[in-house]
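Two complexes, one shared chain (subunit A), two partners (subunit B, subunit C).
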Partner chain A sequence: MNGMWLHRKIEENTGLLIFGILFVSAIGGLVQLLPILEQDSLETAAGNTRPYSAIELTGRDIYIREGCSVCHSQQIRPLIAEVERYGPYSRAGEFVYDRPFLWGSKRTGPDLHRIGGKYTDDWHRIHLLDPRAVVPGSIMPAYPWLARREASAAGDITAKMRGLRRLGHPYTDAEIAGAEAELEDLLEIDALIAYLQMLGTGLGGEDGQ
Partner chain B sequence: MTADMPTAFWSGWIAVLTLVSLAGMVWLVWSVYFGRDKGQESKPGPVWDGDLKEGERPAPMWWIWLLFGSLIFSLVYLMLFPGLGSFQGLLDWSQGSRVAASYDDYEARFAGTRAEISAMSVAEIQNDSGLMATAERIFRRECAVCHGPEGRGQADMFPNLHDVDWQWGGEEDQIRQSIRGGRNAVMVGWEAVLGADGIEQVSEYVLSLADGVAANHPGKAIYDRNCAVCHGADGAGNPLLGASRLSDRIWLYGGDPKSIRETLTQGRFGIMPAFDEQRLDNTQLQLILALLVR
Partner chain C sequence: MEAVSNKVYHDTVVIRLIQFSVIWALLAMLGGVWLAAELIWPGLDFGQYWLSFGRLRPLHTNGVIFGFGVSALMATAFYSVQRTSHVPLFLPRLAWFCCYAWQLVVLLGGLSLLAGYNTSKEYAELEWPFDIAIAIVWVCFGVVFFGTIAMRRIRPIYISNWFYGALIIVIAMLHIVNSLALPVSPTQSYSLFAGAQDAIVQWWYGHNAVGFLLTGGFLGMLYYFLPKHAGRPIWSYRLSVLAFWAFVYSYIWAGPHHLHYNSVPEWVQSLGMVMSVVLLAPSWATMVNGIMTVSTAWEKLRTDPALKFIVLSLAFYGLATFEGPMMSIRSVNVVSHFTDWTIGHVHSGALGWNAMITYGTFYFMAPRLVGGELYSSRLANLHFWLALAGTMLYIVAMWAAGVSQGLLWLSVDDIGELSFDFKDIMASMVPYYLLRLVAGLIFLAGTFLMAYNLYMTVRGRPARRAVPPAVAPAFGVSR
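Moving on to the complex of A and B:
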């Protein structure tokens, strides 16, 4: 048997050609994708990573709505320059409760994966409402409406948590039932700050060096 | 390092599929190139334009070697680096160990210099303009976002580091403690206790403290009863509690009557975050101290 014979055979038989194309292009997926579906380490939370609380989840949705991930990435690469600037590099297990993950692809502003705990709540409040008040050269837009809207109006939190539980996030009935009460009297900016302050804090004892 | 590896079955799956595909491509290229004559025995193929048939000319030799070369390259790559299932590769390379190696290299190159700087006193560093320039760079990276690019404070909330008022003390050890451990200042709101009139009187009294204690001011009695325990009877403040000095004209949260009233009404909770060694190591801290201590 040789290749020229096979070549002719395939060329003269459309059905065989279609099957051959499908088979060859499936190999990449069989090698790269199929084993990952069975890989536990990608489903296991790293360190103290936990599901988002009702407030943090609302903040995360505001983060998505305002397009923060367009200018800010959430992935610190394993390179000394990044670790020095931002903190320990990102681990796969830190994103198990991110649906979808917000790694981003462009840094117009700095990476935010380790922003949690770096600045105070008050700083974030001033900075979100008027970035130039604390960072004179900043090109970030101001988000004044975050301090005017109720956090509970940013979507049906109960439905969101139920949906995520169906996808495997371990929310209890009590947490879902109490979600709306948690958002009471909070503004959107409070929820967003709560989300920012917990970002990247799940690594626990591991460090990036 | 093996935490992120697939199980034994899937590891074998990846390795076998990869190697079989590689072997398949070698066979395909080899047989198409060297078996082209025999192929024409079975039956004549299609002919175009009178004399144009398939398989007449061999592909150029450089093209064949390019293909074989890339196949050999991928085989060598899979031997050296992780990729073939859970096989780590002969170089034992990983992204984590690359970062660790960068840090080892960094340590090896700068450990001596860093030890030298750590051993220097604040005064010695202050006499070295090169080190002070480095200190300013660290300040701009870690501190400027709150305290301002020049350290002159901003937003009526983050303290000016150039004036004489240090809420938590301006000695070297006190500043080191403020940076390493962070600070949480707590002044509760006094509206419920003092009422609107009380707040009005105390705010007037506090504003007048810079001119000395006015014994007959109506706010004095309220101040002595409620505020003096932290801020002192003469308003000198107390760095142990983070109670600001009120007897000068430097105000952290604004010194106009309206801001003072607001401070008294709702309280102030100034937070200085802690900078652990991951964020600011001992050498960097020593440089920052040289910049701040006067």
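Moving on to the complex of A and C:
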């Protein structure tokens, strides 16, 4: 068979084999990734979606650090039950300032994409420190250390915002210069709550909440 | 031919890698059991940040995949590439560097995850300094591996090496692209991609880390150790060629099935789904090839625990590669996505396929590496039944949990109101989670038995001096 003759060439030549694997395995990725990375609509902010403030960004990084996305998705699928349970379904344009994306792959706890504004700050504070005090039967861990650490200790906020600006997030010089002052006297738990409270509020317009 | 037989295979590094692999298996699975317990008794983190579920969970997955899995793949790749090339390892010192540098990356990386340095991208959680270290060690692994093949004394490159080769090349490609990020401090970076685009890149990586590491790499193990062990050549060479290229081509497309109904364009979801279903063909072609290879050696199954593990792993491979394409169909995925069904699917692959074939291979290699007998076949047999029981119990518990979650979450009554509260569904999971904890403990107990058995087998014995056999002139290469 002709094909087998060709293959005998490949399997007797290390270079050809390496090249063959690289070439054949790259096709699918190129076909899927290139159009997606070139699609402007996926980079266009929806509604009044805006970059995270210094406090929210700090909160988001704490959310990542504690691995919240291991148990909570941030992605409401366009299904009746999901929209009823969580709110308007998620749009790509709401995530343009999400580096990395935090959609998650598992809902051990509920989805959090539209959690913003659903509960009071005090509810979140109690819930994060003692989840079963407000949700009996919850299996969420408590995060007592968040109430002990200064928000400003969770990484250099100026460097973070500068970095994100280089990646295209429209922070002004004034926002970056004032970032450290914003975090003053705040604890990590305050920053995390600020992040949770703005989650999913970027849609605006008639689809908004 | 005389010059060849003066050279001795480098097997001490193989033994060391097996030892590290077993240690990671114990630690990472212990972590898994602890996590399973935390989902029932959330107070088990004792208020310690480093024991918190969200930090421990990436340690569990990274420990299993990169500690246990990759160490086992390096060990078996080094073992089999020498024997299929009839030459000792190319640059053995670099092989030793790979061995220790990799363990250091996994150890420090694991600690960094507990410290909270986490990118949150699944199976790529380690921060940028580790990403660079991984890339360096990986390239060295490739140099040793392909260098050995380039020096080979036998003309054809045996099929197991294609799979190990695909593992090395494709994982390098995926790792580099998915890790592209802008560092803002030594412990933190922001992804170069944002939102929906980041999601597509991440699952292109995430699915194919499963594809080329946990499937492709371990298929390399299968193609060398199964025929070797059964004492039969691969049933159909032609089928293995076909299955290999079909596998390399089609796996890479399947990533978007992790994003069904998510905020990504529908064409990419559909494409991911179709290619995931297509993937069933090469996956099962390999399974059929493996089953047919042992089909004339069934009697060995009665006496040989190592072969039992490998054959059973093939069955779980068939199960998981059937379940995967089914779960990637949108109308099934709508139920399974975000539920414990996914966790069950992952474990039918990780426990049933990856761990079992590795266990079988270790039981096969350890006595041969030191030129002795396995310390206890009875313990290995007991381990086999513990591993099977643990895996089955795990999968069944997670199927039940996952399907109930999926259906109950989506359930609405006559007037379109939600039937169940999220809290109540979550609270009803306790029995399944208890069952899963028991399953994990059983599987872990088996792994402990193996660790003891292998330790007693190799204890105090140096690697046997194995020399390459002569190559039939028809296949030889004169160098």
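Just so it is clear, the second predicted complex is superposed on the first by the 175 of 209 C-alpha atoms of A that agree within 3 Å, B and C clash if a C-alpha of one lies under 4 Å from a C-alpha of the other, contacts with A are read in each partner's own complex, and residues count from 1 in each chain.
To be clear about the criterion, contacts are C-beta pairs under 8 Å (C-beta built on N, C-alpha and C of every residue); 3 or more make two chains touch, one makes a residue touch a chain.
If you're wondering where the values come from, they're calculated on a predicted model, not measured in any experiment.
A.B. asks: Once the shared chain is lined up, is A:129 touching subunit B (first), subunit C (second), both, or neither of them?
C.D. replies: neither
A.B. asks: Answer with first, second, both or neither: which of subunit B and subunit C does A:61 touch in the superposed model?
C.D. replies: Once the two structures are laid over each other on A, A:61 reaches subunit C alone.
A.B. asks: Quick check on the superposed pair: does A:39 touch subunit B, subunit C, both, or neither? Answer first, second, both or neither.
C.D. replies: In the superposition, A:39 touches subunit B and subunit C alike.
A.B. asks: Per the contact definition in the header, classify A:164: touching subunit B only (first), subunit C only (second), both, or neither.
C.D. replies: second
A.B. asks: Subunit B or subunit C: which reaches more residues on subunit A?
C.D. replies: C
A.B. asks: Scan A:118 for contacts with subunit B and subunit C and give back first, second, both or neither.
C.D. replies: First partner only.
A.B. asks: For A:27, decide between first (touching subunit B), second (touching subunit C), both and neither.
C.D. replies: both
A.B. asks: Return first, second, both or neither, reflecting whether A:5 touches subunit B, subunit C, both chains, or no partner chain.
C.D. replies: The answer is first: A:5 touches subunit B but not subunit C.
A.B. asks: For A:83, using the defined touch cut-off, is the partner it touches subunit B, subunit C, both, or neither? Pick first, second, both or neither.
C.D. replies: Touch status of A:83: first partner only.
A.B. asks: Let me check the overlay on chain A: which residues of subunit A are in contact with subunit B and also with subunit C?
C.D. replies: Touching subunit B in the first complex and subunit C in the second, residues 1, 4, 7-8, 27, 31, 36, 39, 42, 78-80, 92, 135 of subunit A appear in both lists.
A.B. asks: Using the touch rule from the top, collect the residues of subunit A that touch subunit C in their complex.
C.D. replies: Residues 1, 4, 7-8, 11-12, 14, 17-18, 21-22, 24-29, 31-33, 36-37, 39, 42-43, 61, 64-71, 73, 75, 77-82, 84-85, 90-92, 94-110, 131-132, 135, 137-145, 155-156, 159-160, 162-164, 166-167.
A.B. asks: Touching residues of subunit B toward subunit A in the complex: what are they?
C.D. replies: 3-7, 10-11, 13-14, 17-18, 21, 27-32, 35-36, 38-40, 42, 45, 54-55, 95-96, 98-100, 102-103, 106, 145-146, 149, 154-155, 157-158, 269-271, 273, 278-279
A.B. asks: Where on subunit A does subunit B make contact in their complex?
C.D. replies: For subunit A paired with subunit B, touching residues are 1-8, 27, 30-31, 34-36, 38-39, 41-42, 78-80, 83, 87-89, 92, 117-123, 126, 133-136, 207-209.
A.B. asks: Could you please specify the touching residues of subunit C with respect to subunit A in the complex?
C.D. replies: 38-40, 42, 45, 47, 49, 52-55, 57-58, 116-122, 146, 149-150, 155-157, 162, 165-166, 169-170, 173, 177, 182-185, 187-188, 190-202, 204, 212, 238, 241, 245, 248-253, 255-256, 258-259, 261-265, 268, 271-272, 275, 334, 337-340, 342-343, 405, 409-412, 416-418, 422-423, 426-427
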